[in-house]
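There are structures below to look over.
Consider the two complexes below, in which chain A is the common component and chain B and chain C are the respective partners.
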Partner chain A sequence: MTTAPHTRSAVPPVAVPAPASRPAAPLLDVRGLTISYGTGRGTLRAVSDVGFSILPGEVMGLVGESGSGKSTVAMAVLDLLGEGGRVESGEILFRGTDLRRLAPAERRALRGDSIAAVFQDPFTSLNPALTVGRQIAEPLIRHKRLTPRQAAVRVEELLGEVGIRDPRRVAAAYPHELSGGMQQRALIATALGCEPGLLILDEPTTALDVTVEARIIDLLAKLCDSHHLSALFVSHNLGIVNRICQSVTVLYGGVVVETGPTGRVLSRPAHPYTKGLIAALPRITAERRARLPSIPGTVAKLSGPPAACVFAPRCPFAEETCRSHPQEMRAEGDGTGVRCWKADALATTSWPDEGGTAPRRGALPARSAPLVEVEHLRKIYGASTSILPWLRRAGTVAVDDVSFTIDRGEVLGVVGESGSGKSTIGRALLALTEPSAGTVLFDGADFPQQVRRGDQTLRRRAQLVFQNSAASLNPRKTVGQAMERPLVLAGRGDAEERRRTVAGLLTRVGLPAAYADRYPHELSGGERQRVNIARALATDPEFVVCDEAVSALDVSVQANILNLLAGLRDEMGLSYLFITHDIAVVAHIADRVLVVYGGTICEEGPVGRVLRPPYHPYTEALLSAVPRLAEDGSEPPRILLEDSALPPGGRGGCAFAGRCPRKLGAVCDEQAPPVRETDQGHRIACHIPLATLAERAPVFPKLAGGDAAAR
Partner chain B sequence: MLAYTLTRLLYLALVLVVMSVLIFLVTQAMPGDVASMIAGQFASPEVVQAISVKLGLDQPLIVQYGRWAAGILHGDLGRSLVLEQPIAPILMEALARSLVLAVVALTVVAVAGIGLGVLAAVRRGKLTDQMVSGISYLGIAVPDFFWAIVLVLVFGSYMKLLPTGGYTPVAEGVLPWAAHLVLPVVTLVLMLLARIARLTRSSMIDVLQTNYVKFARAKGMPESVVILRHALKNALLPTITVLAIDFGLILGGVVVIETIFSYPGMGRLLLFAIQRHDLPLIQATILVVSAAYCLANLVADLLYAFVNPKIRHGMRTA
Partner chain C sequence: MTAASPAPRRLSSRRSALPVSLVVGLVLLAPLLVAAFAGSWIAPYPYDEMNIMSRLQPPGPEFWFGTDEFGRDVFSRTLVGTGSSLLMGVAATALSLMAGVPLGLIAGYKGGRAGEAIMRAMDVLMSFPPILLGILVLAVTPPAQWKAIVAIGIVYVPQVVRLARAITLELMQEEFITAARLRGESAAYILFHEILPNIWPPLAVEASLRVVFAILLGASLSFIGMGAQPPSSDWGLMIAEARPFVEQAPWIALCPGFALAIAVIGINLLGDGLRALLDPRNTGSH
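Coming up: the complex of A and B.
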């Protein structure tokens, strides 16, 4: 804040007011809602006896992991449950009227008018064949009876209101011509059009990059405030909930386990499940935990009314009573409720943390040559030298002159947003894509060149784990067959021996050996990701690229997988390239970090150093956008980046110049930024002098002091 | 878009050049010798030789090809040996008749097939869907000539409502012309409808599960708008491809159907040319059929762009 404050647009964090004494009648009052889905194997009870209320002007978070029933509740309010879904019982009172008693046409008239929705994925929520403006206008024409001409005027107003600078152009554009952030703004504009009383927000920012997410959340908070909107905010992200919701309802296995004001629930969780969920979250804290606390087991699935506490099978505090009696919701005053009879006894007990802390490791002593050496790596996609002049393309620069090394036993994190080139770097390291220029050495050998010559032996030593655990496994092959494949290719052992190896690998990743005979669809997401890891380990690799390997997993499962990966590193001395958009995950597991933007490295160094000033302006923006819980300290003023800018790369200047809030001027556009070393192994590529960068206040003040954090 | 069309036209020209070479070579390799066929079975070798020289058949292949290709570029498709007439007018007439058949049949197929497909997708799993599926399978499973024969028997022979075959030009009255079209069109529709309906159904089902359809419903749009405005346009892409292929198919001649109904289209012309060993006619017919196929596909790709702005965008940049 001390330098160039005019270049920094800061907004104060959204205030979370203390809950009022509930005078007004609730806008939405859900009571005893029970929903089941008819499946091939009988009915599955998705939601059991759920109740909550939302006051006018209140934003309530509905939190839970996948399978908790949170989206089902939201869809039931909208009457969009889809095939097989059925509300068995309960009331959904909106402004005092039970929506369930209305005819389908009456409910449709409410949808998009008094009750509007924004869904998770902006990329697929807009119709690719219609202009954005037309899609925003639809509800205006339908519900408010505007003429198309009047609607067009209103559309531009709405787009302006959600922070789009050039409403006319955006209204005339097709969805694919807009960035994800702009698309989500357009969806929000659609929802606001008819001035609804209630917004249903189903994971509205989950598919977006963190810097974009931060801006959308700020926008939503501002709009809810200025329009006195109520919102049902469905999310799995506790940090986001902390930022925007006044109250929270936590769902587990289709049952409300806890409800209350956000501040209280997140800082003093009463239900064991809430405690576990918060404990399992990877955090940017001073001391590094060797292992994350985790919740064992998998999410409960009910087929009828719960006969015991739904969480008992996974609860470390469970007793006999918990397993034999269903729990009642106990009101605690100030809007708090807990479904656990032991809540008072556990008030001061936190979730067991078996891991303890471990010192952050700095760079390992340079005993030997690095395992992976990348020099001046460059990758251009889509370049074409056709004989037809109008088909010639310069191509898109995905990775631009990147150099780094990975030591044996080291975990190198790569952090960046979509389009930063981080996945391309990972693929190039495994010779899965041919570099356009530069060298990739694996244990001193030129990996891509060996592969070009048909020598695949290095592939056994370097493996890959992807994000999508389901798509990474062939649905027609059993787990055992999938895991055996790399062994067959490597010519390891006979059938009997391979079976033993597979069993050993499954045990190593914490799965029963009998899983070898199962098919991928019979496994949960976490189990499938364990299988993917086990398969990657089949050929005893030294190096594994984890490309967003934990991003699609629920918090409790993510903690399990991160612990597994950390354990394998410690036991087998594995090196990882850990690619992720989640800086907290990197802070937890990585030794060193590369922050990449537009195919170039902005900043690199040991984790503890990168998380403290001096920051590259992009790192600072990224860190300030990370949603956090109260105990991590209050939120700093956020640095807001433009949603999108010119496609970065290949223009000679700094790739980040187009979005940089601290841009100096033409020099940033025209000259490649100098790489300056602040400390051993900590480098920043920026035109701003290091001393100026170092003047900034730390984004995570608790990390600021002392070398203990750095080493 | 313009660049894209230009590129595609260039490729089309290339394909036709390659096709013309192949057609020329293949017809050369066919048994029999044109000159002796023209001269007749009992002609003396001198006469045959004279005809050969007159037609240029004694020249090297490359020269013969060059003369043929140059002729085509000037709009001269050569003379039919058997009919002893210029080929171009004969071919154009047959092509026009096939075009009429294709346009009428495919209009019916497109309207009815897409309609039934949408209906089945919307009523997925219900009786309507099962009936559409059942009829579709019947259409796919039973061969076209069977339908043709049944139709001829029922409407032509027993009920005597419609002519069983042949063709009368429009000039001799619209009604007789249309009456001759009915049975071939119905047979073609029975043959092609099922595939279009199935295809539309399955892509419609996919589109109905997308987020943008869910979002359209969340905006309170009535089902008719959701289905017609939001879903259908996006679901039509695969259907357009198959319709274009079918169009090429009919233009290229549906030999069995044209034969059963004695409909003088491209199929019968080609069959006639092959049976009578009329080499120039064979060559010209196949070349025109290839061109028709390529053009139909080009039109389909351009239609894609019309339906899907994302592809339009891709054409502008790629």
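Coming up: the complex of A and C.
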């Protein structure tokens, strides 16, 4: 965003001429908001004394991790607090009127009209039984009293405004016929319909792929600008906040810890929590470190007003005063505030760095035979080779002719968006799914074939850590029961010995041994993920597939888990296949990386090489879509991909041809791209000659030096 | 043992969190259970003693809930009939669960041809009207209560199979099942140790409803002379026999109807309470 809020707010919202110097009154002014939830076991304080204001035309980011109360605040503004949620005190002033004093009918009239919202999940926000056009028309008919015919015309205008090229077709479509990006555009169109003054955006891009997210964020930034919209942008993603918000409010444990202009807060954070949050973020441009700085511990739940600094238990700078006195918000001038009495003293102190900046470890072990060898792997779902011709089906190609190897002690990253086949590759490697063609060798043995013959011994040596830490543990088994089972199957020791092993494994992943008697729901997300890792390690495997293992975790917890995985690799010489959509995580932990699209490998090589030109056009688009902080360097010209509704995977041609911004022509659609090697095993599958690809400017010019080239 | 400290905590919290519905359900069912076992001793009159002089008496101090067309005491008959009625419901439900749950588990887990075969067989079974199916089982041999129980049990197998299969299919998508396959568990272990404990709570609710339907279906069978035989007393039979007199003597149906309602509510609450009690998420810190 280039326009500063103050220049825009100088334009009065009404036509009456006003002195240009007078600052506009805030559009939304939240004061002393306290919200609690009644649970079966007493009340829980979700939000304590939260205050902030949004000027006309301003986009404010509300940032925090899970449990920070950020969505609760957004829902309170919309009067959509769930069951048990209650605003205890405070004011929510919208255009000067306290929304809490309005009758329910009056608030309802505002909602969807003057205050509109876009939520996280477009898939569940749209009613599958109604056409998209009808759902966009709904608020127009209700609030603006348009006739259905007038509304239909307006719907097409709105769809055009949110960048949909074929509004008529999309209006007539049902939600399932549209891609996630198109659905989210339709929801934005719905929100814009009544020309609201305030938009509530609750993680509007979190459920989308990175390249689609980049386009939606661009669209939102443009719309806020052209419609002079104010927005409350709820997000956990600092990079996106940096891109779209003029100011930011950081919540921790239901308390505002810091607020101010985005540039200041994100580049010179004043509160220790903000410092920790930014430090814990894996960064593409950061020096490669052995460990990420992390925030220990978990968020405490409050039942009443905070009696001390909410962050003190996790703060490395905490003193006695912090633990005995609740902190006051201190104004710092230029609209910033911080809730920490030591903020001035800590102004130049940064978050402690655990791992140092030393290279993460020594050279890779001497090249012996690779641990995992995958050759010409193909997986087709839903194919049928019936003798009856009308029952024959070609099926969907999930993985198309993929070959690669993983060395002992190596971390191979697999980066791709949804539908790229990355999870299928992981499952095929663990013989969880039968390959349609090709071989998967584990330490020289044909893994899928052994499993087919009923030999499960290789299972002990290759394990999986899941994304969803809750779903991967049986809710009816204690942690100990879950972890003991692989040992029982492997016939290791008697009950007493197994109990000791379980205790040892829990200690190894940094949990108290007494957790063996807890049920999964009694643990936090990060703790459950540690249990998952401990269970995977029970039989001393050599190879672990991490399938989006840190994607569902908060930034501070993610750093902890990444450090744990890195530590286990160094101690036990583990190899990982690290599947993720987050290229920054791969840049932090992986040695080599595969970039996959539509079931094929676009580019592969050492991490440092893949992050530098020459790029495969898809890698380049992926990198340019990564939201960045100021110190990552200026925004490059973005490469925006069409969020095509067509499933990727060209028959015979390049899988990416349908969305490629640098498509050469028919050759891309018809012929498989040649695989060309640059150096150090860096390969690109593209029809464009390497020399031409190399001409592109690096997406991250500030990429930390030398070590990538050396590896 | 390292586990010594947290274990008592969990037990105590489980006890303190005894679900209200479970307690209320038990309180409602307790008198019925007493009646089921001791009905003939506590009944004020023998259940089959006819007295033409006092036929169709309205409720009063002598006959608390009135008398039927043969002058039998409605309250005594209801008390004595409790055992037979509850047995009908509970035994038939148990039977349908015993047959239906394994079939449903297999159909959901195996899928493919085996699953398809089971489900189509169930469809065939379901396409018969329940009464007709009961009659089919009972018509060929002389009626007896245990045959009625078997018939009702069979009638409800398809519903149990469908429910068990639906939950199994849903659970098969869960990652902890993948985790079990990943460590090389056998199908039997996954079915009975991973899936079954998770199927049990919704089945408990389902079963409590089934008991009620089974009692009512038993009543229908008795009504057409296929279940309990007159003059033995059974709630369903009593309600059926009261039908011709519903305008002159509505109280005949009132007492067994009331007992049936208490059983229905009690069993439902018990099922819901059991579900809550069995869920580990209801204990501990939340």
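The rule we apply is simple: the second predicted complex is superposed on the first by the 663 of 711 C-alpha atoms of A that agree within 3 Å, B and C clash if a C-alpha of one lies under 4 Å from a C-alpha of the other, contacts with A are read in each partner's own complex, and residues count from 1 in each chain.
Methods note: contacts are C-beta pairs under 8 Å (C-beta built on N, C-alpha and C of every residue); 3 or more make two chains touch, one makes a residue touch a chain.
Note that the structure is predicted; figures quoted are calculated from it, not measured.
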Chain B and chain C placed together on chain A: clash or fit? clash
Looking at A:127, would you say it contacts chain B, chain C, both, or neither? Reply first, second, both or neither. first
Go through the superposed model and pick first if A:177 touches only chain B, second if only chain C, both, or neither.
-> first
Contacts for A:514 in the overlay, against chain B (first) and chain C (second): which applies, first, second, both or neither? second
By the touch definition at the top of the document, which applies to A:190: first (chain B), second (chain C), both, or neither? first
Who does A:485 touch here: chain B (first), chain C (second), both, or neither?
second
Superposing both complexes on chain A puts chain B into chain C at one of 27-35, 63-71, 99-107 or 153-161, namely 153-161
Check: chain A residues flagged as touching chain B and also chain C none
Chain C contacts chain A in the complex at 1-3, 5-7, 10, 174-176, 178-185, 194, 197-198, 280-281, 283-286
The residues of chain A that touch chain C in their complex are 39-41, 430, 432, 456, 459-460, 463-464, 466, 468, 471-477, 480, 482, 485-486, 489, 499, 503, 513-514, 516-519, 521-522, 535, 539
Touching chain A in the complex, chain B uses residues 3, 6-7, 10, 210-212, 214-222, 225, 229-230, 233-234, 307-310, 313, 318
So, in the complex, the side of chain A touching chain B is made of residues 78, 80, 108-113, 116-117, 119-121, 124-130, 138-139, 142-143, 174, 176-177, 187, 190, 200, 388, 390-391, 393
